[in-house]
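Structures follow.
Two complexes are shown next, each including chain A; its partner changes from chain B in the first to chain C in the second.
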Partner chain A sequence: MTRYLVRRVIVSVVMIIGTSVLIFGALRILPGNPILTRFGANSGVTAADIAKIERQLGFDHPLVVQYWNWIAGVFHGNFGKSYFSQFSVTTLIAQRIPPTLELTVGSILICLLISVPAAILSAVRPGRSFDRVSSMFASFALALPAFVTGIMFLLIFSVHNRLLPAGGYAPLSKGVWPNIRLMILPACTLAIAQMPLVFRFLRGQLVEELSASYVRTAQGKGAPRMRVVVRHALRNALIPGLTMLGLVTGYALGGVVVVEYVFGMGGLGSLAVTAANQRDYAVLQGTVLLISTTFIIVSLVVDLTCQFLDPRLRTQPL
Partner chain B sequence: MPDDIVKELSQGAQPSERAAHPRRRMRGFRLWGRVLLIVSGAVPLLLFLTFLIAPLIAPYGPNTQGTGLPFAVPSSAHWFGTDELGRDLFTRVLYGGALSCEIALGATAIAMILGVLWGFIAAMRGKILDEVLMRSADIVMAIPVILLALIFISGFGANELSLIVVIGFLLSPSTARIARSVALTETSRDYYSAAVAYGASWRRLILREIFPNARQSLVAMSVINVANAILLEASLSFLGLGIQPPQDSLGSLLQEGFSFLYNSVAYLFFPALIIVILIWSLNVFADQLAVFSDRRAL
Partner chain C sequence: MNVRRRRVWATNLVVVSLLGIGFNAISTAGPAGASGGGTLNVGFTAGIPQLNPALVTFSVEETLFPLLWDGLTMWNSKGKIAPDLATSWSSSAHNQTWTFNLRSGVKFSNGVAVTSADVVSSFNYYLNPSTPFQDNTGLSVIKSVTANGANSVVIQLKDPNASFPDAVTPVKVIDMAALSTIDTNPIGTGPFIVQSFVPNSTLTLVHNPNYWGSPASVSQINFTTEPDATAGYTALTAGTLQVMGQVPDSELTGAKANSSLKIVAPANPGSYLTWETDTKAGPFKNVKARQALAYAINAKAVLSEAYFGAGKVSTEADPLSTTNPFYDGKLTKYTYNLKKAKALFAEAGIHKGATFTWWTTSAYPEWTTAGQILQASLANIGIHLKIVSNDVSTWAAKFYPAGKSYPGLIIPNFQSVSGDPVFAMTFYAPGRCECNFNSSAIAAAYKTAVGSTNTSVQSKNWDSIQKILNQEVPTETPLQIATDSIVSSTVSGVWEESGNQLHLEAAVIKG
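The block that comes next holds the complex of A and B.
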């Protein structure tokens, strides 16, 4: 267990370093020039002005030094300064974390609340009508991009019925209801994108477990059907299901980009989109690094939890 | 990405799931599966062909303004209605679809070439190179694909060519993973050892030995890639980081329509419908292809 833990943590650290190199390298090596974008079509910009800004932003150092400065800063909680506005990236990101966090967690909860019971009901009687219908819904939902779901929700609930507001974000400090009211549509939109993944995976696992001989034994000794499914099969199916949860977090963290854009929420996703449009590399690299690191850490925690829960996994090599 | 399809492709179908269906239903399933396979393959193909001949069948020019009143509802003159400048939306969807499909097919070609080489080399060389190649694929996949796309697009600029290259590159690591596991099952078979034993060259091993046997899985994988490329292109264009006006793609049409959310439903409905139909049918097609290639193998 300790050996696995150490190895798994090292792999995660290597992955975090790798992603940071990829993010930084891609932004520096690709042809885009943030300084020229910032000046835009302004006339009267001299080479001296450009050189001055390059010095201010540290572009006159070699790439390796620039990377080192960036990473060293990140460890001190300093993500650098935005190229575009004069705020520090740390401030910009910190402001944007609450909506994104709430949206991600909320959507995963909604997704689990619906897809787990649906998967159980389908797996208990595979091939029957409930299974057929929900599998069809899952295959349809899989093809539904988040922006299409979001637009559909907006048209139905905000434009035509005016039941819910079309977008924005109210912090929890303004009261629970105003906060939730604005969160319902985005969270459901994001949840619909994840549901088919969880549903199909968990259903497959459950069907497999239900055909195992320990299930037949349990049935043979006269345990009630629901008890066999929930206490015996589900417990075994949930461990690989937990790995799926790690993946779903990744989907959710990517999905926030589009969902926040549709619903006009000022979260990390919309911060990244604005930064990409303005070529504000300092903000863009900080945001993407934060999100991908979160994803890597969540996967690590999920993997370790699985190891802890299921001793059988511990004998397997990484 | 539909992960269960990927799992099925790399590991083969779980026999227990099939065992769960009573045998007498198999015949019905097989027929239904065949119908599904043909329909889900024909729908995207027909759409692609329609987009291809857009200049021949489009009733107006793609940027001709004032062909009708602004925000006209669908009618016989304007099947999909008109936009804010009175341009015909049916025409714009045809041209937009053509561009979307062009990007998706181009990106898939890049993803398949890059990913298959990446995965095959990892599987055939093994050891350190395998570890390095697969860890780097993991690193690329640890960043949510849309965020990595934002980085690449803001570096390359938002235009057709950079979208093809960027989307192609972003889809390659997942392709590499599948290609690797498919190649691993082939390299463990006797015919492969035989080919190695009589001294077949690398080119022969890849092109004549592994490739023909891995073909079915790779075809299914490329269908999934087309669906994912359409999705990614539409997402990026919707965020304003893809195709820029006056060019149109399905995603950029949606983006323009989104700013007139309160004026016109048709503006949003038709591009969205086409995107959903394309992705859905391609997913089902890939699913059925995987099922059929399994069945033949068993």
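The block that comes next holds the complex of A and C.
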């Protein structure tokens, strides 16, 4: 177990470093830079002026030196500053984390609250009406892009019926209800995108577990059906489901970019999109590094948890 | 779960839902119950990245100018220069020395009195080469700025400039002692102060308790960045926003048909398209090629299909609108004529099979539509136009700043200026235009026009410049356009400058 832990941590660190190199390199390959974006075809600025500002910002240094300066700062907690706002990257990220975190966690909770019971009900009566309808809905939801779902929600609940606001975000400090009102549609949109993954995987696992001999034994001993399902089959089915949870979290982190855009929420996703368009190097590098590191850490935690819960996995190669 | 517990859960669910709808109904009842006061919710698709007026990056930031800051002069809703922090001004006989008399009793929002020393230090900050102020063209004529007592400032110019009060409108008086915290707590003299700011996301303004003038009618202004114009329009119709600024023309059709919305446009539009080509390299080095391109542009189709009719056709490669008092009406009209275009291209050595590139950006979808219209026109005379769309940074990097070479490219762009021809003609001063067009004749005429208060002298020299632009066609200017804003019909007092800067300081929310 210790060897597995050490190996997984080393692999995770390598992945994080690789991600940092990838995002740094990708940004430098793209044409343009934040200085050109700022002056954006404004007259009165010469090429010499642009070159002077580039020197001031260190853009004339070799790429390796620029990368080293950045990553050395990261290890000291200094992610740099936005070229446009002069806010530190940590401040900008801290401002944008609450809506993204709420959206991610909220969507996963809604997803689990609906998918797990639905998967259980489908698995205990496979082929029946509920199973068929649920599976159909899962296929439909899987094919439906998140932005389409979001726009439909906006039309129904905001534009035509004025039941909920059309977008934005209110922090919890402004009240629980204002926060929920603005979060419910985006969270449901993202949850609908994740539900099919959890539902189909869990249903499949449950059907397999319910056909196992220990389940027949338990039922033969007179245990109630739902107790057998929940206390025995579900527990075994959830272990591989944890892996799915890690994937769903990654899917959610990627999906927040689209959902934040549709609902005008100022989260990490919109911060990254704006920084990419403006070539705000420090901000985009910091944001992508944070999101990817989060995903890598979640995957690591999920893997280790699975290893802990299921001793059979400890004997399998990495 | 037994039947009774199910009923309790169901009842609870219904009650909570009803409460939610009730709360919602109260919350979206509108920002004010009576005339005046209330919160104005404003949306833009471009974010506000920072608050320093000297470092303005995007035009949306200029909306904050009259709310947070004051300068010596300002543009009023009639398009005329008006007093701001300076109540009056005068010049020497040759318009080379200007004296501005300051308003008394003005304080910064932190309660500190504003003096002439603050004006001088603000100007010096703008003039400092280390300050990346974008609009330094008008200020480059300044030789020195000095205080003349506590309530007067004297500005010495390198050359005579009769329109100098126009040139200082972008310069805002900043509390230089608080410069380091300008993005978290900007200290200005405007009617509002910043309550909270998340760059490119949200900005909340509330009343400045130390404002020198009458308090604004609205109590609070919330700015939010909308993901795109459609989302902003949706928020407007849903009542979440009361103002949506700088809306693309594609959204105006729905607004015109909606009785709860109204369109705010500049009284004297000063925006025009500038399709740039490299006049120093490639096929457009030849003036006949540029003239040919002018004849090949179906401006009417561009206006109706790309700009939804919001604008005016302009066929003389002239940046001045036909309603501008200095417009020269005796210019060659490059009305859509493919036969003439083909003949001129041939004279320039461009024949069937030639390829140009339309280098555009996805940030302005109307440019892609315009490119497609031009592509269809050129195809009729055997010339191929490749359309390449990029993000803004990639688009700008190809041709900006002036001096870059981009043979064979046609680059859509636009300018937004006030009605005074000084601003439009500055674009064609040597070394300014990315089209790389340098004319000493234009430079001389510009200097003479700017330095004189004599209307005849000004008119003669502006005419001279317009004739050169009309003949040389350094940029194609097929349309005069306006970028309008959409406002809820419950809001009055919102207006736009010629250059499309939105003014909210006089907004009133009706009951």
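The definition used in the following text is that the second predicted complex is superposed on the first by the 313 of 318 C-alpha atoms of A that agree within 3 Å, B and C clash if a C-alpha of one lies under 4 Å from a C-alpha of the other, contacts with A are read in each partner's own complex, and residues count from 1 in each chain.
In this text, a contact is a pair of C-beta atoms (placed from the backbone, for glycine too) under 8 Å apart; a residue touches a chain by one contact, two chains touch by 3 or more.
In this text, all values refer to a predicted model and were calculated from it rather than measured experimentally.
Judged by the touch definition given at the top, the superposed model places A:I108 against neither chain B nor chain C.
Contacts of A:N277 after superposition on the shared chain: both chain B and chain C are touched.
Contacts of A:A47 after superposition: chain C is touched, whereas chain B is not reached. When the two complexes are overlaid on their common chain A, residue A:V148 makes contact with chain B while staying clear of chain C. Of the two partner chains placed around the shared chain by superposition, chain C is the only one that A:R162 touches, whereas chain B remains out of contact.
In the superposed model, A:L202 lies in contact with neither chain B nor chain C. In the superposed pair of complexes, A:I296 makes contact with chain B only, with no contact to chain C. In the superposed pair of complexes, A:R181 makes contact with chain C only, with no contact to chain B. The partner that reaches more residues of chain A, of the two candidates chain B and chain C, is B. Residue contacts after overlaying the shared chain place A:I192 against neither chain B nor chain C.
Under the contact criterion defined above, the residues of chain A that touch both chain B in one complex and chain C in the other are 30-32, 154, 159, 166, 261-262, 276-277, 279. Residue ranges on chain A touching chain C, taken from their complex, read 30-34, 36-47, 49-50, 53, 82, 84-87, 92, 95-96, 154, 158-159, 162-168, 177-178, 181, 261-262, 264, 266, 270-271, 274, 276-279. Those residues of chain A lying in contact with chain B across their complex are 14-15, 18-19, 22-23, 26-27, 29-32, 126-127, 139-140, 142-148, 151-152, 154-155, 159, 166, 196-197, 200-201, 204, 207-208, 210-211, 244, 247, 250-251, 253-255, 257-258, 261-262, 272-273, 275-277, 279, 281, 284-285, 287-288, 291-292, 295-296, 299.
Chain B makes touch with chain A in their complex at residues 2-4, 14, 16-17, 19-22, 25, 135-136, 138-140, 142-148, 150-157, 227, 231, 234-235, 238-241, 254, 258, 261-262, 265, 268, 272, 275-276, 279-280, 283-284, 287.
Note for the complex: chain C touches chain A at residues 20-21, 23-24, 27-28, 47, 49-50, 57-58, 132, 134-137, 140, 183, 198-202, 224-227, 231, 234-235, 237-240, 363, 390-404, 413, 426-427, 431-434.
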